[in-house]
Amino acid sequence: MKYGIVGHTGRMGQELQKVFGEAGCSLVLTSNKQGGTCDTSPDVIVDFSSFDALPGTVGLCRKHRSGLVMGTTALKAQHFELLQDLGCELPVVQSFNFAIGVNVLKMILRDYAPFFQDWDMEISETHHNKKKDAPSGTALLLQDATGRDCPTHSLRLGGVPGDHSVQFGNEGEVVTFTHRALSRTVFALGALRAAHFIASAPAGLYSFEDVLETIRLSKDS
Amino acid sequence: MKYGIVGHTGRMGQELQKVFGEAGCSLVLTSNKQGGTCDTSPDVIVDFSSFDALPGTVGLCRKHRSGLVMGTTALKAQHFELLQDLGCELPVVQSFNFAIGVNVLKMILRDYAPFFQDWDMEISETHHNKKKDAPSGTALLLQDATGRDCPTHSLRLGGVPGDHSVQFGNEGEVVTFTHRALSRTVFALGALRAAHFIASAPAGLYSFEDVLETIRLSKDS
Amino acid sequence: MKYGIVGHTGRMGQELQKVFGEAGCSLVLTSNKQGGTCDTSPDVIVDFSSFDALPGTVGLCRKHRSGLVMGTTALKAQHFELLQDLGCELPVVQSFNFAIGVNVLKMILRDYAPFFQDWDMEISETHHNKKKDAPSGTALLLQDATGRDCPTHSLRLGGVPGDHSVQFGNEGEVVTFTHRALSRTVFALGALRAAHFIASAPAGLYSFEDVLETIRLSKDS
Amino acid sequence: MKYGIVGHTGRMGQELQKVFGEAGCSLVLTSNKQGGTCDTSPDVIVDFSSFDALPGTVGLCRKHRSGLVMGTTALKAQHFELLQDLGCELPVVQSFNFAIGVNVLKMILRDYAPFFQDWDMEISETHHNKKKDAPSGTALLLQDATGRDCPTHSLRLGGVPGDHSVQFGNEGEVVTFTHRALSRTVFALGALRAAHFIASAPAGLYSFEDVLETIRLSKDS
């Protein structure tokens, strides 16, 4: 697979190159605020940079007829409109969290939290001490999947990349769902999954859950 | 609800009386090897005693037109035939594990383990040091639900009632599903759920998963 | 060993009888608000009842020349004076927490927390949803042992008897100390240790740490 | 502080440069199989490379009158003799594990395991799936510190850098000591501590525990 990166010099840009490179993909396009390079048209363009870059990224996709993996956070309504339009022509995957495990837990909680409706529920998340927001966006995403309110506890400990745990307890038992990120690599691996999905997907605007469903279906067959 | 217990003097029999009593149910029939008592016909009979008792229990259900919650382990083919026959007349719930959380995890693993098919998988269970078998039946049940083989680790520590954890890991993340029994009460609460299910179910032989599905459906509506 | 219980009909009183009975001790004296019984003078009297009972308990110890294991919480200055006086004549062990593990962790944190002085620190505790105070007294006790302030998170989940965890993290590693109570039995087992200690101790007012030090010394020799 | 690295191009060599550089130390000497560079004499030389390099490293220390931080594993008797000799002239810190937390846990287990002598004990360790040995050297080190045999469980999960847990359980409680490495950075941070120790230590062969004791003493004062 030939791919391009918007924001190739950033920390996430470098992580993407490492993971895509180890998977045998060829980097054929790069782009950041200082300019860019292009050897040939990529199959997919990956952008985890900044919402400012999005209009330019959409232009590149149109020009090269490339699918898009969009991992930038803090997107607003006008950005989603651009992605929607692009999705009429090309396959686009957009998500705020590309960790596979977080997205599977989200699906599980959506499907199975009703069984725990009369149990107590608590969420804990632990992150490095430089993280400024609390609770984490992922904690909110997981809570949202359950459709319930609950206390959320934010621990800040050294360099922890990111742990999340959702717990349900009744008089006799406790069930815990835990996700632990080992490093930034998580998100690059998820982007790689999305890129492979795009390689064979028709035009459309997809979520990361659509990518995961395809993985499951292909394994079931 | 009026209920009966086969094996009412055993440890599990006493736990059942405590939990059903606190839920406002009336004990109207008891039975063990030494004999029994019967004030009136129960809506449901609960049996967590021994497979030896099963033919007698089935006879009591037929006589009183009572549904059956069957939690006895080590049942053999001939016992399942008896339960199958009884299920043609009356509602019967049979399971080897009445912890709600274990059964929900079983369903989750069956549905979602395919997402983790190329991740490493490890199971750990911790029980009190008097437990003789290893790995636990529940560890096997959870592994079976994933449809995969994996290493299983059995820790034996003091008086731990029973912890189970199923872990999946790839290069960048770890997802863990954990169940912790706080006491024997777990299983009595599950039996109470099954008894409530039986009160309004048509004749049939049900699993504990059928009971749980009903809980979910009633909550969705 | 012959022992007595003040508050023998309460939940803790019954737990004490179970644990001391299984250890081969003989209950020779009981006492509660309704009265009491006495077959013969006990070696030790155990009181986990209420601070109201303390003056009466001290009187019983004097009368029978019995040592005292005092596990009642919420003691005030005047109660400690009574215990101090009694300690001039007889061996007395007083503690707010008789779990061996909690007291060992307290000693460890006092001795080793200085190594983690420039690491982040977080305390979490999980208890049943009927517990009214937060954070738990034991969380405060553990924090106090470290000589540092830190965030404390209180989770309330079903019937959890009591988990405590103290975590230290820096850029590259996390160290966690965890205590998990499996049931009320913990505290009765600790009281039994204290009772054995008293059987051979000279007069004095002791903490549970003194009991534990003796265990270690006897094992070292 | 001016420092040198033997094996500066290896993975650990690069990690050391990152950590020492961020702490304001100046790299003034490098060495590997292909040769080396030397701007000026370093205060300390750090070697986490291979036991083959040790004689050369010792020679460099003598020549430059530099202290030594030796983190190479699989050292044999003759290597320890060389270090012993060097320790008569210069300060040398040798350890198989430079994670601060692991070494503190080792000290804690040595001091406090006697309290848990009649409790059950279990050790678990989780590492990435490319680790070839099991149990890990650190698991053996921790078990050794307790002076007891116990079952050890080795889980191999994706990219986990290294978790270790030592558990003690009796009828009523469980105490768990856990160490989690977040990355290779752990070991570089420990080497930095050892280098600072060396800067003011007299000649001698020291363990990493000696380094840690100094940290504690300086904090107590």
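So that you can tell them apart, the chains are marked A, B, C and D in the order they are listed, and the count of residues begins at 1 in each.
We take it that contacts are C-beta pairs under 8 Å (C-beta built on N, C-alpha and C of every residue); 3 or more make two chains touch, one makes a residue touch a chain.
None of these values were measured; they are calculated from a predicted model.
*Asks:* Which chains are in contact with both chain B and chain C?
*Replies:* Chains touching both chain B and chain C: A, D.
*Asks:* Nearest 5 degrees, what's the C-alpha rotation angle taking chain B to chain D?
*Replies:* A turn of 180 degrees brings the C-alpha atoms of chain B onto chain D.
*Asks:* With centres defined as the mean of C-alpha atoms, identify the chain lying farthest from chain D.
*Replies:* The most distant chain relative to chain D turns out to be B.
*Asks:* Measuring from the mean C-alpha position of chain A to the mean C-alpha position of chain C, what distance in angstrom results?
*Replies:* 49
*Asks:* When the centre of a chain is set as the mean of its C-alpha atoms, what distance in Å lies between chain C and chain D?
*Replies:* 38
*Asks:* Do you know which chain B residues sit against two or more other chains?
*Replies:* In chain B, the residues touching two or more other chains are 158-160, 168, 170-174, 182-183, 185.
*Asks:* Could you please specify the touching residues of chain D with respect to chain B in the complex?
*Replies:* Counting only chain D, the residues touching chain B are 119-120, 122, 124, 126, 129, 151, 153, 155-160, 167-174.
*Asks:* In the complex of these two chains, what residues of chain A are touching chain B?
*Replies:* Those residues of chain A that touch chain B are 99-102, 104-105, 107-108, 111-112, 114-117, 168, 170-189, 212, 215-216, 219-220.
*Asks:* For the complex, give me every residue of chain C touching chain B.
*Replies:* 158-161, 182-183, 185
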